[in-house]
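Listed below are the structures to be examined.
The two complexes that follow have chain A in common; it is paired with chain B in the first and with chain C in the second.
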Partner chain A sequence: MNAFEYAAPRTLDEALAVLGEHGDEARVIAGGTALVTMMRQRLVSPGYLVSLRGIHGLDRIEAANGDLRIGALVTHREAETSPLVRERLPVLADTFRRVASVRIRNMATVGGALAHADPNQDPPVTLIVLGARLEIRSAGGRRELPVEEFFRDYYESALEPGEVVTGVIVPRLPAASGAAYVKFLPRTADDYATVAVAATVRLEPDGERCRTARVALGSVGVTPIRARAAEALLAGQRLGAELLSAAGEAVEGAVDPLSDHRGSAAYKREMAAVMTGRALTQAWDAARASSRGTR
Partner chain B sequence: MNRKIHLTVNGTARAVEVPTSRTLLDCLRNDLGLTGSKEGCGVGVCGACTVLLDGKMISSCIALAVSADGHEVTTVEGLGGDERLHPVQQAFIDAGGFQCGICTPGQVVSAKALLDAIPNPTDAEIREWMLGNLCRCTGYYKIIESIRAAAQRSRA
Partner chain C sequence: MGRGAGFVPRNAVTFTQECAIPVERERLWDFLMEVPKVARCVPGLETIEALDASAYQGSLRVQVGPIRLSLQGTMTVEEQDRASWRARMRAEANDRRVGGGIRARVSLTLAPDLGGTRLRIETDLAVLGRIGEFGQPVIKKKADALLEEFAQNLGSKLQQGG
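The block that comes next holds the complex of A and B.
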């Protein structure tokens, strides 16, 4: 690992000031699972690390105006086991639970993993279909950005120098809605997905036809991918084999996987369609249950 | 770019000056002489370097020593000694929970963390918790048996 300066500020303002001062040379560190690993492999060699670990107030999970706000320093394990997350958005707790191992989930933070912008991660796709927004702070102020618009390329995000992800805000699922996360893992349980799909389905008042659906996929491109063409096919329709097959075809056209040790591009493309069908079926079932519950 | 850090390691306050780039694992092994924790993969996957930070298991090979400043670290050396083994250590011996032994310190520390969090785990809970600790001798069934035995013993 290269030599670097290390600052452990006690307040966010102090951290933002240090970041502003050091510009591109500085990197933010929280849990360190991604950054230290990349530094050990000499993929990155920052001259200055600004640790957020000592900053109070970024490690809270709270309900606000019907939304769930998860602070950037909340660990994956804390998010997964939080009664508030489990009760409000079980799909999100289940998604965090699929990340790596308990040990890594004890270290990796929700904000840090998002800022890392690795397209193979689990939480981004679920956050995208839930319509989550990132809360971003800099010395100049605060902005919110839909998670969907955050990812630009492999390990590249919309974060500007001097900006820090401070939290993620997740709206409630609307009534008569269901959500699912499906992670295809043919190798080991702690691996990155070969293909990952998150889906939400919101039903019409008849409790059967789809009003709107959202589908997002991970591990099949340089960013998480929202499959809008597939979503458009689903609106107004009833669940059935033909519809799922059409949605799967649309997904195959939207993804752009790489061949690697987890499978060839052609295999992943086909599995993206299969997993989309499974995710939609699960989300649809959950939506029906939710619809029955409200009638 | 050195920094003085203060750690409580296995219950004892320690002050040590480390380069900022020192991993917690290297600090424990090289600066503090605690060589029970091992480096396997070096990327947080294999679990051989597992230690507890404020009671929670972490991969010390991808943790910076400076990030543990002011915190409590428990290594396998803190669980028990030759005179008195930790119940988890004794259970690994009794049930044959190791073969070559290189992964064992990490397995034992992870198992202790499991029983601290879930004193009476189901097999499914043991498997989910321990899936991040690899044993290349593939002695997984005996490891699960060891943990089951340790849980039973602490209930008795």
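The block that comes next holds the complex of A and C.
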């Protein structure tokens, strides 16, 4: 690992000022699970590290205006076990539970993992179908960006130099809705997904037909991918084998997997269709249960 | 390393790319054979200098996600066949800081096209060492992005009267 300066500011403003001063040369560090590994391999050699760990207020999970706000320094393990997340959005708690191993989840932060923009991660796809927004701060101010628009390319995000992810805001699921996260993991339990799919289904008042659906996939492209063509096929329809196979086909057209040791591009493409069918079925079942509960 | 088929390791990625350059074939060919000139159209190229009539050394900066590579190496023109509008070259370059490098063999073919020339680029590319572990999955996509920019640069340079 190359030598670097280390700053441990106590406030966010202080951190943002340091980042503004050092620009490209500085990297933000939180849990360090991704960055330290890359620094050890000398893939990245920042001259300046700005730690967020001493900053108060970024490690909270709170309910605000019906939304759930998860601070950037909340660890994956905290998000997974939080009573508030479990009660409001069990699918999100379940998604965090599927990340790597407990040891990593105890260190890796929610904001840090999103900023890393690794296309193989679990939380982004679930956050995308839930319509979550990122809260981003810089010395110049604050902005919000839908998680869906945050990922630009392989490990590249919309984050500008001097900007920090400070939290993620997740809306409630509407009434008569269900959500599911399916991680296809044929190797080991702590591996990255071979294919990951998150889906939400919102039903019409009849409790059977789909009003809107959202589908997003991970590990099948250089960024997480939202399958809008598949979503459009689902609107107004009843769940059935034909519909799921049509949605699967649309998903196959939307993904662009890379061949690697987890499988060939063709295999992943096919699995993306299969896993989409499973995620939609689970989400649909959950939506029916939710619909019965509200009538 | 020799000139034989073993220059590019067996785990290389092979791909073919095409782009349209809006100038006639003769002019594009003459331009492409002037290596230092054409090198300036390569995105991220920092330096290039001739070692002899067919070999050059230079440096190239490439960014893959959070990783900034500074590749130092040589490029050798192996074949220039104007009769069949074909040229072939090989390149090897390393990044000493990250550890790793690239080996590539590139063939260019020029064919007439509506209002210009179709440039076909066939590449055997291996990415070695740590860079390879991280970057192997996206080599093709990165190469496509570089070619697109290269073609644009080439087109505008030639239209300016390059």
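Simple rule for what comes next: the second predicted complex is superposed on the first by the 295 of 295 C-alpha atoms of A that agree within 3 Å, B and C clash if a C-alpha of one lies under 4 Å from a C-alpha of the other, contacts with A are read in each partner's own complex, and residues count from 1 in each chain.
Convention: a contact is a pair of C-beta atoms (placed from the backbone, for glycine too) under 8 Å apart; a residue touches a chain by one contact, two chains touch by 3 or more.
The shown structure was predicted, so the numbers you read here are calculated from the model rather than taken from an experiment.
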Quiz prompt | Fit or clash between chain C and chain B when superposed on chain A | solution = fit
Quiz item: Touching A:139 in the superposition: chain B (first), chain C (second), both, neither?
Solution: neither
Exercise. Examine A:1 and indicate which partner it touches, taking first as chain B and second as chain C; both and neither are also allowed.
Key: first
Quiz item: After the fit on chain A, how big is the angle at chain A between chain B and chain C, using C-alpha centres and going to the nearest 10 degrees?
Solution: 100
Quiz item: Of the two partner chains, chain B (first) and chain C (second), which one does A:29 touch, if any: first, second, both, or neither?
Solution: first
Practice problem: Look at A:51 in the shared chain and tell me whether it touches chain B only, chain C only, both, or neither; answer first, second, both or neither. | Solution: first
Practice problem: Please work out whether A:84 is in contact with chain B alone, chain C alone, both, or neither, and reply first, second, both or neither. | Solution: neither
Exercise. Using the touch definition from the top, say if A:246 reaches chain B (first), chain C (second), both or neither.
Key: neither
Quiz item: Looking at the overlay, does A:100 come into contact with chain B only (first), chain C only (second), both, or neither?
Solution: first
Quiz prompt | Three-chain overlay, closest Cα atoms of chain B and chain C, distance in Å | solution = 13
Quiz item: Of all the chain A residues, which ones make contact with chain B and with chain C?
Solution: 2, 41
Quiz item: What does chain B use to touch chain A in their complex?
Solution: 1, 3, 19-21, 23, 42-45, 47, 50, 56-59, 61-64, 66-67, 69, 110, 128-129, 131-132
Quiz prompt | Partner chain A, residues of chain C touching it in the complex | solution = 64-68, 97-99, 130-131, 134, 136-138, 141
Self-check item: Interface residues, chain A side, partner chain B - complex
Solution: 1-6, 8, 29, 32-33, 36-37, 39-41, 49, 51, 53, 77, 100-104, 106-107, 188-190
Quiz item: Inside the complex, what are the residues of chain A that reach chain C?
Solution: 2, 38, 41-45, 117, 153-156, 222, 258-260
